[in-house]
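Heads up, the next two complexes both have chain A, just with different partners, chain B and then chain C.
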Partner chain A sequence: MISEELAFRDSAVHRIDPRVRLVFALLLCFATALSGSFAAPLLALGCATGLVALSCLPLFTVARRLVPVNIFMLFLWLVLPFTHFGEPAFKIMGLAASKQGIELAALVTIKANTIVLFMVALVSTMSVAALGHAAHRLYFPEKLVHLLLLTYRYVFVLESEYRQLVRAAKMRSFAPASNLHTYKTYSYLAGMLLVRAHSRARRVHQAMVCRGFSGVYHCLDSFAFRKADWVWVGILSLFFMAMIGVWIEGPY
Partner chain B sequence: MHISEGILSPTVLAVGWAAAGAGIAIGIRKLDADSMARAGILSAAFFVASLIHVPMGFASVHLILNGLVGLLLGWAAFPAIFTALALQAVFFQFGGLTTLGVNTTLMALPAVVCHYAFKGAVRSQKPRLVIAGSFVCGFFAVGLAAIIFGAALAATGEAFFQAAVITVAAHVPVMVIEGLVTVFCIQFLLRVDPAMLSK
Partner chain C sequence: MQPLIELKNICFSYPSGRKVLENINLEIYQGKKVGLIGSNGSGKTTLLHVIMGLLPATSGQIFLFGEEMLKEKNFAKARRRIGFVFQNADDQLFSPTVLEDVAFGPLNLGKTKEQARQIAQSTLEGLGLLALKDRVAYRLSGGEKRMVALATVLAMDPDILILDEPTTGLDDATSHRITHLLESIDKTCLIVSHEYEFLSQTTEVFYGMESGLLKYLGDSSALHTHIHIHPAGALPHKH
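And then the complex of A and B:
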């Protein structure tokens, strides 16, 4: 099931104004992604870990969020040391692993995990509704925000329709395997999902028009800056500045 | 198919964002009050379709269906795919914030190409052409995405070239499955609601 299990909780991080979280998520993620040396990402990793700790999220869930990115990292660890030229560190079955390759793999792993931790602490701690409204207040394109909120609204509806279709297939003794019958069944399932989504879209559009929709979407959410938010702006700016400070040139 | 955070060079990230930005701008301009609900709900449907895992030998792959998105949405595929990827990043941390540009481009650009290349074949009156067109549409959409994926890795540094080649090669079976699924899906849509494909 899709759920926003990290969003509806309470902690110091959850109480930060969503606009502050969104802006600093963007700044810190990009600063981490663009740095080419170890110093800045390591500092960022510390900052991200601190934020995750302050947000009081269940550690198991946070660890699970790190799995997909690290599967790809594992693949890079298996390939990069052997394809990057440099002085050999060790040999396995006649293949020399280079020191530079190992360093590059380590750097990429730190950066990737740091960015995911920033995402978990700063973005996944708000609902997508709050994210959309924050983006609207920050002058993101209005139609894009509207599209995001519409999609968010119907993702859960369509997911339950999908589960319903899967249950129906199971009732008819459908057992997935690697054969044409399975691919056909899943295709029809996806097709049915699209047909239902399409007819739902027609009804939703009619309902929107009935309520006077003319293309403008009104975000009624009002965010209020509290004193604590200014403190957070200060702390996070400090971190950001420190990262830029230790940023030593040298992209690969 | 997501490029993880922290790998790509600044140049590649910037090119990805520039291409995604241009595509989204065009797509958004084509979205009006009447097509908004359709784009949003179809974007949600594709998000859910990507949760469908089909078995492939000992492993399983999830459906991508970016070719089909392109056929149904045209240029609006850019904002729709961007939205779906943003939701995936927020819900599951698949992909991320800085690579959202590259990931949007590698999925949505093939979608738009498919829209123009295969729209005619899928709507034709010849059943064989419809089947061939939809297979190539699904196959090609994932193939082009894999090639952009590989090119982004390779452009980041020579060290990634081998990794790029392996990634593209690993997607060949996925391309075949996507081709088959697109064929069946379009056959289904043509029987159940042909008007969906004629817009």
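And then the complex of A and C:
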């Protein structure tokens, strides 16, 4: 379900302290998303591509991660140029595509791909556990962090319970079709999954209570800032500042 | 000497009215290893949950370490000294990594991160599980999960161990490992199982449970099971 296929590798980017990666992933993504001109996102795209290259990830996997966002972009390209107000650039079957619309679609495409690349390079290179711990150390709300970590732990258990139920149905010759019996079976399945999840949550809580849990969850992490991390903080801050600079000063 | 666990006339019934435990009296003294045997649905797990305060007894008194358990606060204090291993290890292991899970108890007991890490490491090492320390809990095998669940409890250095069906569903090798560990461990234990042979190896005295009633069955060494035609054939008994 969550394979974390990019997390357990070794590269310069993988070795950066997860806190640094998380903070800069957020900063750079927000700066990319909010900038209004082409210059800043293009600079960010360069930066993101550089980070992906440095993290030595298999290019095929990275490309696969870009597919869903670009399918979405395709729809944007189909609609935006023809609906946006502006100078007509060309006509297809009597429909005029506006110059501004094309520019906007291009800008959104660059931004979306840049953000995905930033996340791939900086966030998907750490395990979910490391992500949770980094968030905890950065004073993210505690409940959110625990929600993330516990979800990560139990999503697999729920998945296997779901498969178990589906198997049980199949073993008794259940073949889904478009009829009431199928809908009923699926709703029973979903209901059963909820019931099971609830009772599991209760048992897990009991087990936690039995080990002295009193509401405060202590994270055991071993993040240590190394010299190289400071260098990375410097490099990434520089990029961030350059982006902001280009964004404010830069020409359209 | 004061018993570590003392139950007086404990009854438990579910809100639906179904009676699960009836007038249970039990005393467990320091250093004793007590076995509890019974068939499925006889109320063994319910009894353990009542002792731990996870289910409220309908009537009767519970004394843990000489103190009467009146409120959740009393139980919370007592639980710090009791190691409870659940039937299903997936319920017990909730942290992303094994090391963290084992360190969870010590951290709750107020140990510092460094101490907790040390304790977790040495506990895992003592059980021969150190190689698993950075593994993700869901990727462990059933046997490994059970061993790690034991480690999470042992790391808290409890005065008494309570184990709910510790060998159910395990292969012979892991089963032997756990049997051996429980034989050699120097702690007061309450072990619940429906496997007679396992209990006779790991405990000294025996209780039997049947439809909510607890019965003292005697010394483990004096008991036997065999296949023959009489009502107690499946349960350990004396002639």
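As a working rule, the second predicted complex is superposed on the first by the 227 of 252 C-alpha atoms of A that agree within 3 Å, B and C clash if a C-alpha of one lies under 4 Å from a C-alpha of the other, contacts with A are read in each partner's own complex, and residues count from 1 in each chain.
By definition in this document, contacts are C-beta pairs under 8 Å (C-beta built on N, C-alpha and C of every residue); 3 or more make two chains touch, one makes a residue touch a chain.
The model shown is predicted, which means the values in this text are computed figures rather than measured ones.
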Is this a clash or a fit when chain B and chain C both end up on chain A? fit
Looking at A:154 after the superposition, I want to know if it touches chain B, chain C, both of them or none. Which is it: first, second, both, neither? both
Name the contact category of A:211: first (chain B only), second (chain C only), both, or neither. second
Which partner chains sit in contact with A:104 here, chain B, chain C, both or neither? Use first/second/both/neither. first
Tell me the contact category for A:96 with respect to chain B and chain C: first, second, both or neither. neither
Chain B versus chain C as contact partner of A:129, first or second or both or neither: second
When the two structures are overlaid on chain A, which partner does A:53 contact: first (chain B), second (chain C), both, or neither? neither
Is A:246 contacted by the first partner chain B, the second partner chain C, both or neither? neither
Tell me the contact category for A:200 with respect to chain B and chain C: first, second, both or neither. both
Chain A residues touched by each partner, larger count belonging to chain B or chain C: B
I want to verify one number: the closest Cα approach of chain B to chain C after the superposition, in Å. 10
Contacts of chain A common to chain B and chain C in the A-superposed view 128, 149-150, 152-154, 157, 200, 204, 208, 213-214
Which chain A residues qualify as touching chain B in the complex? 2, 4, 25-26, 29-30, 32-34, 41, 65-66, 68-69, 72-73, 75-76, 79-80, 82-85, 100-101, 104, 107-116, 118-120, 123-124, 128, 131, 141, 143-144, 146-155, 157-159, 161-162, 176-178, 180, 182-184, 186-195, 197-202, 204-205, 208, 213-215, 251-252
In their shared complex, chain A is touched by residues of chain C numbered 49, 52, 54, 76, 79-80, 82, 84, 86, 88, 90-97, 99-100, 103-105, 107-109, 113, 116-117, 120, 136-138, 152-153, 156
So in the complex, the part of chain B that touches chain A is made up of which residues? 4-10, 13, 24, 28, 31-34, 36-45, 47-49, 51-52, 54-57, 63, 65, 68, 72, 79-80, 82-84, 86-87, 89-94, 96-99, 156-163, 166, 177, 180-185, 188-189, 192-193, 196
Touching residues on chain A, where the partner in the complex is chain C: 127-129, 132, 149-150, 152-154, 156-157, 200, 203-204, 206-214, 218-220, 222
